[in-house]
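The first chain written gets the first letter, and so on, giving A, B and C; residue counts start at 1 in each chain.
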Amino acid sequence: MYVELKNINKSYGDFKASKDVNLGIEKGSLVALLGPSGSGKTTILRMIAGLERPDSGDIMIDGVRVNDVSPSERGIGFVFQNYALFRYMTVYENIAFGLEIKKMPKKEIKARVEELIELTGLKGFEKRYPNQLSGGQRQRVAFARALAPNPSLLLLDEPFAAIDAKVRQELRSWLREMIYKVGITSIFVTHDQDEAVEVADQIIVTNKGRVEQIGTPKEIYKNPDTPFVSEFIGRSTLIEDYHKLKGFEKGDYKGAIVRPEFVEAFKADNKVFSDVIDCSEEGVVTDILFRGNSLELKLNVNGIELTTFRSLERRKVEIGEKMRVIIYRLYAVDDEKAYLLENQELKNKDIKNRRLEAYLYSSDGYFVV
Amino acid sequence: MAYLNGDERKELAVKTTRRSKPVVKWILISVSALFIFFMLILPLISVIVNSLKEGFDFYFKSISTEYVRAALLVTLLATVITVIVNTFFGIMASWLLTKFSFKGKQFLATLIDIPFSISPVIAGLAYIMTFGRSGWAKPVVDFINSTFGTDIKIVFAIPGVVLATIFVTFPFISRELIPVLNAEGTDEEEAASLMGANGWTIFKRVTFPHMKWALIYGIILCTARALGEFGAVNALSKTRGETFTLPLEIDALYLAGSADSITASFAVSSILVIIAVIVLILRNIFEHKSKAM
Amino acid sequence: MSKTKSFKGGRVIPGFGLSFGITIAMLSILILIPLASVLFQSFRLSPKEFFEIVTMPNVLYAFATSIGCALIAALINCFFGVILAWVLVRYEFPGKRIMDGMIELPFCLPTAVAGITLSKMYSTKGEIGGPLYEWFGIKISYTHIGLIVALVFIGIPFVVRAIQPVLEKLDSQYEEAAYILGAKKLTTFYRVILPELKPALLTGFGLAFARGIGEYGSVIYISGNNEKEHTQVISYIIMQKLNYLEYESATAIALIMLIISFLLLLFINIVQIRQSRRVSNV
């Protein structure tokens, strides 16, 4: 493990920002700290950087306990949420600053800065001041400035928060590419799950000062450990009477979380689903919303409100229409954990339809690509 | 951002102008213009007119008497020391109050502002009570004098004048710097510190450029106030020609009561008026500069 | 190792200890300890003596004059201050920058100069006082009106400079929203803009009022300092006691003034804290 946090606690007055946080990050990985605002993700990042001190616990970087090492000696680069570019320095001076502090010879500084300007595509902007740059360009400068002293760990605090939606998409892939090119271990904080899934190869989900789950985006998505993760990731609806749904039995759970992609709704005469139609039950369409690339259907199944998406290529449905509904799986939750429950009736059925088989039983489920 | 930049300001003004009725606009502008003319501009003109009542010869004679020259020297000395002390304090206090959070910060800010809301006469009184005949610090000063063979006097002497001037203008520079540094935030300093810059480098390279214009303006304002301080100095300075400052000299001339001495008093005043006007012009320039960035 | 050591304080930006130490030391030596001496000296008086000094008729009248005139002047300044700030922020017109610059004049002009000038201008033979006396029989210099005029002069920048930044930040969308909802101009002002300005206006009022109570240089000439007409201000009384070497009396009166200023400062600070809370909650 390159970065390790052991039993970290941190409070601000009465507010507990970190409760017994334990986590490890491998060398070379790109990790997202994901959670709603106030979940303690930024605190974790700032503690790794040394901008905050934990009340108790150990922070290790590369096997060395760094609790008492000053931020500048930890070998990190930090990209601030609003970039914190030096407003009275040019792009060149911003990037060179860290190197000047390290008393690097002028010639080497010049070479290094030029290399970074080349890498980040900022050529021609060297003499500009931060207020003469666009949001995306500022992020590039912040990135180059953080990388200039050759840190072994890059920390980014909400790197996309200050950028408008359209450019954000572009920058996500740019940043991911850059980080791989440089090959630096990186941790970034985000509250946006799409961002985390798209950019990171490891996600650490935080909530109320605790680490809820650590895993690859796939794992987090498919096997949520806790009620919070199952609800926070993806679009989900929490239902209490899940046992009223066909194929699920009452267990010792408090409720269940259903995602739109777990719900299949089809017309009674649909041939693809003909051999599983006896596993389905009736649902009434209560609302239809146009979502651009698909329709979002609201269904009332046995008194339970469910949501599913429907391709625009499929046949037309209307409000009030009675459809057949199958719920493939759901996450049953108690106070602590989330458990994947498969539809029992489907599982026990011997299906000959090859297309559905893969879809229903593959261990990768809907992640088959 | 605490303030709008030039263009945004203009836009706001234009927007409102476009929407509002011209009658209301011009009534309000006229009221403002009249107020400023009668309350602020007319007194300025009046000083100049009064000072030249007896002609230029008299004017130059009255501003070059022994007393005035001595007063000018005392005033300049007090002002220079005051500005140095308060600039140092202003930078330290504004750094402390804007870059860190700690318990009692708001209370400390209030304490620093005390000289703003206190009668200057009380400032003078406070030093008399500290260093005067019955003051508790008198024995300390006496002890220093007897041990080192010095003859330091504070009350009714130049040090008292300097101290009183410092007291009255104490928060001026920090007050100019704090809003500017607050608006800047702490991100840039944190970033520089993360890269290993030491305090002096951070101040010089990162913070100072932000506060530059505000600092210059604060220094100018502090200078103007220090030159003109009256109440506090009045309590601590009793000897004309020795410890009197320009405002005290003006007071002495005015209270002498003869037509000539009153005119002379306005003549001396005109020096301070000219300084005040220069300060105002500089202020306008620097304010514009600091907001343009 | 020194770097690591300083980091133990847990603050990333350096200089906390240094700036804290210097700020506290200078503040204590130059301001707080001398003020404490006033407090200390006034405790030498017995409560009875203290009470007798501060309830002497001329002291009570002086308090009434200082507080009353400062209050009226601060209220006048609030009225003109709002208009001036509004005009300076919301309108474009020739001479605006000069007008904006002039507001600060009372900050830069020595109080004694302002004092003798206003006193002369508003006397029965002065440029303004003369016509007023001849046509309407109104005396300004050496009366309470004169005092108020001087305090208006001193206080105006406090009010304008407190309101201006708030008015600038007040998005005109706000007014537009009220306007679209059908509110009349005046209604918009009273219901939408004035409540937004209130904390800043209170701050400006508090500062002008506090300054007015303690004002010395600009008022002592125009007031005439006549005991019978109650035109002596409290700062004048203290100065008088100082000149007669009646230090105990001076400290006793000063203590009351210190309490008043401190209460006003406290009031201003509470207003400002509440204002910043409100803004950050939006």
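In the analysis below, a residue touches a chain if its C-beta (ideal position, glycine included) is under 8 Å from a C-beta of that chain, and two chains touch if they have at least 3 such contacts.
Given the structure is predicted, the values throughout are model-derived calculations rather than measurements.
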item	value
From chain C, the most remote chain by mean C-alpha position	A
Interface ranked first by C-beta contact pairs	B-C
Interchain centroid distance [CA atoms averaged], chain B/chain C, Å	15
Whole-Å gap between the CA centroids of chain A and chain B	55
Multi-partner residues of chain B (each touching 2 or more other chains)	190, 193-194
Multi-partner residues of chain C (at least 2 other chains)	12
Residues within chain A bordering two or more other chains	50-51, 71-73
Footprint of chain B on chain C - complex, ascending	11-16, 18-20, 22-24, 26-27, 30-35, 37-38, 40-41, 80, 83-84, 86-93, 95, 97, 99-114, 116-118, 120-121, 126-128, 152-153, 156, 165, 168-169, 172, 179, 185, 207, 210-211, 213-217, 221, 234-235, 238-239, 242, 247, 250-251, 254, 257-258, 261-262, 264-266, 269, 273
Residues on chain A engaged by chain B in the complex (per definition of touch)	49-51, 71-73, 76, 78, 80, 82, 84-89, 97-98, 101-102, 131, 145, 149
Chain A-facing residues of chain C, complex	3-4, 6-8, 10, 12
Chain A-facing residues of chain B, complex	184, 187-188, 190-197, 201, 205-206, 209-210, 293
Interface residues, chain B side, partner chain C - complex	2-4, 9-10, 12-17, 19-21, 24-25, 28-29, 31-33, 35-36, 38-44, 46-47, 50, 85, 88-89, 92-93, 95-96, 99-100, 102, 106, 108-130, 132, 134-137, 163, 166-167, 170, 186, 189-190, 193-194, 198-199, 202-203, 221, 224-225, 227-231, 234-235, 246-248, 250-251, 254, 262, 265-266, 269, 272-273, 275-276, 279-281, 283-284
